[in-house]
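These notes open a run of structures that come right after.
Each of the next two complexes has chain A plus one more chain, namely chain B in the first and chain C in the second.
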Partner chain A sequence: MDIFLQVIFSSLTVGSIYAVGTIALSLLLGTLSMLNLAHGTFIAAGGYSAYWTMKVMGAHWIFALPISVVAGVISGYLMYHLVVRWLYDRPDFEIDIIIVTVAIAALGENIFLNVAGPEARRQPFHIDGGFHIADAVLPYQTILTVAIALVLLIIVALILGKTKTGMVIRAVSQQRDASKLVGINVSKSYGQAIIIAGAIAAVSGVLVTGMAQVFPGVGSSVTLKALVIVIIAGIGNLPASVLMAFLLGAFEVTVQYIFGARYGFPAMLGLVIIGLIWRPYGIFGKETITRV
Partner chain B sequence: MDKNSLRLVNVSSGYDLQKVIHGISLNIEEGSVVGIIGPNGHGKSTLVKTVSGLISTWSGQVFFEGLPIEKMPAHERVTLGVVHVPQGDLIFPKMTIEENLRLGAVLAENSEEVERRLDKVFDLFPVLLNRRVQVARTLSGGERRMLGIGRGLMSNGKLMLIDEPSLGLAPKLIDQIYDSLSEMKESGITFLIVEENITRLQNIADWIYLMDNGEFVWSGNPDELQSNSELLSTYLGV
Partner chain C sequence: MSSQQNIWGRVQRDFWVGLAFVVLFLILPAFEPGKYIVTQITLFFIWAAVVTQWNLVFGVGGIFSLGHMAIFAVGGYVMAMMGLYNEWNLWAAMIVGGITAVIFSFLMGVLTLRLRGPYVAVMTLAIAQVMHALIVTDVECYFKKDMICINFTGGAKGIMKFGDFGFKEWLGYKYVVFGNYYLALALLVIGSIFAFSIMYSSLGATFRAVRDHTICAETRGVNRRRAQLLLFSVSGFFTGLAGGVYGGIYRTVGPDSLTLPVLLFLLSMMVIGGRGTHWGPILGAGALMLADTTLRGIGDYRIAGLSLIIILSIIFLPRGLVGLVYDIFNWKPRSLIQFQAGSADLRKLQREKNSKKLNLRYIGKTSTL
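Let's turn to the complex of A and B:
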């Protein structure tokens, strides 16, 4: 019983890390068909900004998330102005942006390496302890991460569904030329979406590093797992991505408990491959037909 | 004050390396309806896209109400009042009819004004009112056309560029759409309408340009064209 409970709690922990790490990537992929492989740079920016706020500046933990939002907004703003605005209207944007964001990810990692050094540092935005149920422990940090993942999901849903900015981003994602013809500044909409994604990714970065540590390459593995989750869930389906994050987290943890820690991630990838053979458009995705 | 709503001076444009429009000049007075007719694939839609800014002007000048707009991005031309209803409509497929229409007025600041425009569009096209919560991708060709024109009206443009409003539609629907365009003409909107043949434009257009291979080969009033059997048979196969 205790082991069963502990597996559930560990699954929640791993799933919540995957879920927060996935939201911003899924948002950009779903709305702008933009595969942002520099997602990890936003994550690291969030992680380091919280570390800097609390450890270096000695500020109260309450400032960590707002400062990370500022760091994410600045990262998104720079990415839009320095890169995306020059590429978004090109016919091969979806391919070009993959190549460019790989370069940005490498550049970002090196900047963090040179500025902050190679050491892995403990993220001070961390709540120790947890609820003890029988002999199992549900860490407070897990509860916080799950709660913030859900809050981020609700914020994204409200922005996209209830605000004019969100309506415009959805319009641009569906028909770019039609958007221009109703007077929408498509370039600006890209900027807004990237800045929103940057802020969300940076908050995710604080939570992800709160479960582990802050180091220059912390965003790379998060990006890889987020990418796997987004694809298997069905590209563009944000709630499905979050659900899939928890399901895959649970699968990985269960395998780890039964067969050993090293088999968890490979087994999860195996499951993903089988899933994609069964449904190439994702478990919750819809088959689309493109007319040529 | 320039009485011309739209003036093109020696305009050329095209796609990639393919020049489609060859030095076209044209004047459209405010409040008038001008038609461009000609065979399929001879540059009519390309010309309209050049005016709206969907494709860039290679050379020449485009003036709207005396202001040069050829270097202006498409969305800024909309703010001036240049509204393009494209062929194939380019609707937002995953949004409802009402959301599509409201996006037409996305630049409007006053919400009462948006509601007023919405009522006006629903008056013109009652079928859209009945299906306001229906997702646009499920609409028939005729309904999509109405939605495209309705969305154009929501932008409250001064110049409406309508690309083949009758394309692929049943005669009854075409009548309905042209009746609506006639009503809109009465309100003082300037129109540039592209069609493949003269029939539908005859009762609404003040002036007709005949286009062939990216150039105007004739212009005059609709009656003159109807009585010129040689032109009709050479260029329109009538």
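Let's turn to the complex of A and C:
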């Protein structure tokens, strides 16, 4: 029974990492159909900025999240102005952005490696301890991560649903040419979406590195898993991708517990591929129809 | 304009360019360029051969596969395992490696090609990463040789001591590098002839049609999945062979070829050369090998330099070096273009100018240099 509880708590922990990692990815993919493989760079930027704030500057923990948001906004702004705004209007934007973001991911990882060094550091934005329930431990950090993931989800829903910026982003994602005709600055709305995604990804970076550690390549494995989860959940369906994050996290932990740690991700990927053969547009996705 | 004649012109041009290329590299060792340069050129041949096949999938077929290095690794690993566990001759093992790579490639296609465009990229990348993770974490003893425990896949160290191509016995120790050199050249030449004949055949036209307008191609009776699966599988053979040649020359097969930096390196060759073009992969491989040899000087920032090259080339040279060469050869002064429009009708002139701009973008995409 204890083992059962412990597996459930571990799945919750892993699932919360994936859930918080998927939000920003799902946002960009769903609204701008932009597959951001440089998501890991945002995550690392958030993690390192929180580390820098608390360890190097010695600031109070309350500053960690705001500073990481600032870091995320800056990286999003740079990514938009240096790269995306030159590409978004091209006919093969979808593939160009994949190639460019692979390059940005490698660039970011290399810069963090050279500036901060290869060693893994402990993220100071972290709560120790947890609830002890019949010999199983539910870490406080997991609860914090789940809570912040839900808060982020609500924030994204509010931004997209209630604000004018969100309305513009949705309009651009539905009919780009039509929104251009009614006077929307399409390029600017791409920039806004990327900046929002950057801020959210940086916050998720603080939480992800709070579970793991801060090191240059911290973002890449989370990014890949988060991407797979977003695809199986159905593109742009944020609540579904959070749900799938917890389900697949639980599956991975169970497989790891029974067959050993190295089979966790392969089994998860296998399950996802079977799921995609069954429903190529994702479990909760809708079939999109392309007009000629 | 008769398109048949047009194609023949291009075939002839490609033939002569290719012949010049082959002759140049056949006689190059006669000038005794030094061992380091010969080794680097050998590596260039292998990467160019891989990128040529990847370009078939990625550029001509429009399938955004990022798992091509997994096929390369399968070819190398199967050859190394055949050599180590069954003590096969490496030449035979290499062919088996190529065939296994085709099967692997087919399976990967079956699993991922149901998805639409960009999502194929994620799933193929994930498959390659899973393969890397499984190999690196492999610690179980499979086989004991000289009291040393060898894992089934060689683990993080990779497989070594599986024999070689036997150039030492045939040619003598001193000429092994040249044996490797000509082997890699042969791989590149045969692989390129294969790729070129696919691109010129009606199959190539089918693949391009699926890439450029899937829905139109499907309404004309092309089975998208079957076409893409076919392309995905056939490109596996020479990729697997290249994996075998690489393993045989460097005498080790390891998981390193599945890491992100290698993927980035090869991707940048294709992007910078010009994806979907005939000579792009080879041109890009040459440019990147040159850049890489230069960038070794800055050590730690090599990957950052490569990434910057990719980003800048996507932004400023979206059609790659081949597109640049095409523009240089077909250059016309802007005033001439306006003059040729030859009309005082401003609107017509405007239309001409715009159609020129528009055409350039699409000609660029389908231009086959």
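Here is the rule we use: the second predicted complex is superposed on the first by the 291 of 292 C-alpha atoms of A that agree within 3 Å, B and C clash if a C-alpha of one lies under 4 Å from a C-alpha of the other, contacts with A are read in each partner's own complex, and residues count from 1 in each chain.
Quick note on the criterion: contacts are C-beta pairs under 8 Å (C-beta built on N, C-alpha and C of every residue); 3 or more make two chains touch, one makes a residue touch a chain.
Remember, it's a predicted structure, so these values are computed and weren't measured experimentally.
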First (chain B), second (chain C), both or neither touched by A:277: second
First, second, both or neither for A:167, with chain B first and chain C second: first
If touched residues of chain A are counted for chain B and for chain C, the larger one: C
Partner chain(s) touched by A:180 [first = chain B, second = chain C, both, neither]: first
Touching partner for A:158 - first (chain B), second (chain C), both, neither: neither
Partner chain(s) touched by A:266 [first = chain B, second = chain C, both, neither]: second
Touched partner set for A:133, first chain B, second chain C, both or neither: neither
Shared chain A contacts, counted only where both chain B and chain C touch the same residue: none
Residues of chain C touching chain A in the complex: 64, 66, 111-112, 114-119, 121-123, 125-127, 129-130, 133-134, 137-138, 215-216, 260-261, 263-264, 267-268, 271, 300-301, 303-304, 306-308, 310-311, 314-315, 318, 361, 365
Complex contacts: residues of chain A adjacent to chain C: 33, 35, 83, 86-87, 90-92, 94-96, 98-100, 102-107, 109-111, 113-114, 220, 224, 227-228, 231, 261-262, 265-266, 269, 273, 276-277, 280, 290, 292
Residue ranges of chain B touching chain A (in the complex, touch as defined): 52-54, 73-75, 78-79, 83-84, 86, 90-95, 99, 102-104, 106-107, 151, 154-155
Chain A residues touching chain B - in the complex, by the definition given at the top: 164, 167-168, 170-171, 174-175, 177-186
